[in-house]
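By written order: A, B and C. Residues from 1 in each chain.
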Amino acid sequence: MTAVARPPATGKSLSIENVVKRFGDFTALGGVSLEVPSGEFLTLLGPSGCGKTTLLRIIAGLEVPTEGRVVLLGQDLTPLPANRRPVNTVFQSYALFPHLTVRENIAFGLKSRRMDKQEVERRVRYGLEILQLEKFAERLPHQLSGGQRQRVALARALVNEPQVLLLDEPMSALDAKLRAEVQVQLRRLQQQLGLTFILVTHDQDEAMAVSDRIALMRMGHLEQVGTPDEVYERPRTRYAAEFLGAANLIKGQRHPMGFEAPFGKLALNRTPPWDEGYVAIRPERVRLSEVEPRQNGLRVRVREAVYRGAYQEVWLEPCDLRVRTAPHPTLQAGQELWAELPVDSLVVLDE
Amino acid sequence: MVWFGELTTPAQLYRRGLWFLLPAVVWILGLLVIPGLSLVALSFAERGQYGEVVWNFTLENYARLLGFGLFGWSPDTVLILLRSLWVAFVTTLICVLLAYPLAFFIASRPPRTRYLWLALVIIPFWTNLVIRTYAWQMLLAPDFPFAKLAQTLGLLAPDAGLYPSPLAVYIGMITAFLPFVVMPLFSSVERLDWSLVEAAQDLYASRVRTFFQAVWPQTLPGLTVGVILTFIPAMGMFVVPDLLGGAKYLLVGNLIQQQFYASRDWPYGAAVSLGLMVMTLVGLALYRRRGKDVDLV
Amino acid sequence: MRLNPLIGITAIATLAFLYLPMLAVAVLSFNKTRYGLTWSGFTWDWYGRLFSNPEILEAARNTFLLAALSTLVATVLGTLFAIALERYPWPRKSQGFLENILYLPVVTPDIIFAVALVVAFGAFRMVSSLFEPGLFTMILGHVTFQIAFVALTVRSRLKSLGHDLDEAARDLYASYGYYVRRVLLPLLMPGIVAGAMLAFTLSLDDFVISFFTAGPTSQTLPLLIYASVRRGVTPEIHALSTLIFLLTVLLVLASERLTRR
């Protein structure tokens, strides 16, 4: 593992400073600022058109920001062309050179910098090894499967020992089963090498599985940045709550004791900053019981119960809650019971 | 801006792009556009006594093109223009009628042999036209079986050949242009959505109806290209009528050639050329309207 | 796909119609008699004489020299033109103008182009004797229409490449020169080769433009065949035509193999 130099632990390797990108009248990025510490696995998550890929391309040097700058270890990258940035990209299409073999593809970035032959060979061998590509070294890209191509793209970028590795939806072309496998490998690889990875994806499961931190994006802005569990457990906005996993959103007014929803009063552990707004609760956090809970209990009726194997999905009336519980064979539509919305699980949304 | 991964500015790109652009553009401007414009200028000049060009502005060449000569109006040149249009039209029509079965036949071959069949169409297309045309001279000669058969049937005078004749011109033209229709048509037929054909048959459409409702519309892009590639050059064709048509069946191409060789009347030849160019541009305008999404090559 | 047998029969008959002239020429090239169309025995003689006929050898040399030189020039210019059209952000109006320039040689009827060259070379001659009819003027003419076909072929290849590979090359530290040498040109090569083969065949095939721009010493094979058709064909011409046909078959099969890869 000595082949790849670890970046110095400055704490913040990459900073994105107030980056704005406009294409004509369209604002793709409306002032994004973000610090990425060395060795972090950061995911830019959001739906298509939210600006995540544009941000990635700006870091790579494939797009010029309209305003703002990108600084890496104290050096302003903004005026540098892509070929002079210590940053490499794994493209969504992989962009392997079809006329070059796997070996030549991996060597491309080294040779274009006129590295000496022995060093090129050593690094290529290392790249082939860590991504288990030795057997395919002499093949052309069209002779490889999708997963193999993706590994070549990864090796081709990694052998350059970039300060930051950018990954643009690298798993979108893989089938679901392979994707899950690759996610685990990718995470392991990143931790092994200690490199900064920035991944772009629209897949929230993927983001949760691999990231140290998730930067959730929406319409050219950062909606929320935090560790996967922060973003999942403590979403700040309705958008964040709904984009990551399922959430019950409850609309209501602030009340001296907490919160007043149409179907009753709820205690909260934080005073809402608004007079009228939303609180959220994850379906798996709602507890169902036969007896009335001590706090935040609601008398409800089962509208529908769907057995899903590993869990059971239940819709309740009259509060229109969606609940995920361990399978209860006896649970049936029409049945009346108690639902508890635990205080610690109720999240007050800022907007 | 970043352009194909390169950090640059439009000014820089234009400067470099001009080096890529200029050689070809200067070449085409100098050897096609300027010659073309000089042809236009020439068409307004006069022919001198010895065939030289006299630079006096005149519209006489165009008047002659429309048939107004020294001895009043005569239909000769107009007839040649109309005949060229007619020959081009008939040639195109027959080529289309023959191209459909051929295109479907090739498309129905198994994938492994399909391109060999297509190559069979392409090979005559690339064989020199002069060769293919003179070969027809022999095939239509008086002592060849075709003419003999016609003589026996009483369709032809004894010892006469089938050329020079309008028929020979049509045969030569079809030989020349058939591949131009088959190739683009084949590329459309190959991409045909057969589910529509099945749907039509499912709905008890007759064969004719199935063709016109489900097949023909889908082959329109290829057909349009084929028609344009045939009709436009067919109007200006010179080799085929020259070798197979004889003196009585002149087309525009021959008329132009005559002015530049035998008659040495360049200004008139230029005017006739521009007449042909106008017919071509009209054809192209129709193409632009019909087949915008189809590449010419 | 099931086809009506009638369609198959028509198709085969049409193909036969296309090949009939070539077949006749090929058969006659082995015919012993010098005159007439009646069969009087098999001979290789005419092929032998072909190679001792200085006029024909000279024409063959001219034809290939013309095709090779004009293809060389047209391939370079056409490739550069295609790159300029496809890879530079020209303003919309200029782009339209360039497109028209590109298609002009394709849509101009060859006879008009030929007489325009006759007129222009007539004028250019007043400046330089280089423009006396001959191989040079023929090359000028051939390159003009070849450029467009090369550019169109290379451009369709460029279009299919997209910009991912360019960006990947840049991301992997390639300078512009390195990218052109190691990525752009190798990737374009199939298109360039296909375009060059197309240009070469077009040049071999051309009659009209050669006819109008040739000089007394620059006779090519198509011109020679045309001239001898006017004088009355000999079996040597049949033999020559058969050889040209066989060459065409080879070229077509080779280019099929190249482009279908």
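Assorted remarks:
Criterion: a residue touches a chain if its C-beta (ideal position, glycine included) is under 8 Å from a C-beta of that chain, and two chains touch if they have at least 3 such contacts.
None of these values were measured; they are calculated from a predicted model.
Taken as a contact graph, the chains are fully connected, with every chain touching every other chain. When chain centres are taken as C-alpha averages, the shortest distance to the whole-protein C-alpha average belongs to C.
The greatest centre-to-centre distance from subunit A, using averaged C-alpha positions, is reached by B. The distance from the centre of subunit A to the centre of subunit B, each centre being the mean of the chain's C-alpha atoms, comes to 60 Å. Centre-to-centre, using mean CA coordinates, subunit A is 56 Å away from subunit C.
Our note on geometry: subunit B versus subunit C, Cα centroid distance of 17 Å, whole angstroms. Within subunit C, contacts with two or more other chains are made by residues 167-171. Multi-chain contact residues of subunit B, defined as those touching 2 or more other chains: 5-6.
Counting partners per residue, subunit A has 61-62, 81-83 as the residues that reach two or more other chains. Of all residues in subunit C, only 1, 3, 6-8, 10-12, 14-15, 17-22, 24-25, 28, 36-38, 76-78, 80-81, 83-85, 87-90, 98, 101, 103-113, 115-120, 123, 140-141, 143-144, 147-149, 151-153, 156, 163, 166-171, 176, 201, 204-205, 207-208, 212, 221-222, 225-226, 229, 233, 241, 244-245, 248-249, 251-253, 256, 260 touch subunit B in the complex they form. For subunit A in complex with subunit B, the residues that touch the partner chain are 61-64, 80-83. Per the touch definition, subunit B reaches subunit C in the complex via residues 3-6, 10, 13-14, 16-21, 23-25, 27-29, 31-36, 38-39, 42, 98, 101-102, 104-108, 115, 119-124, 126-139, 141, 143-144, 174-175, 178-179, 194, 232-233, 235-236, 238-239, 243, 253, 256-257, 260, 266, 269-270, 273, 276-277, 280, 284, 295-297. Within the complex, the subunit A residues that touch subunit C are 60-62, 81-84, 87-89, 91, 93, 95-99, 108-109, 112-113, 156-157, 160.
On subunit C, the positions that touch subunit A within their shared complex are 164-165, 167-175, 178, 182-183, 186-187.
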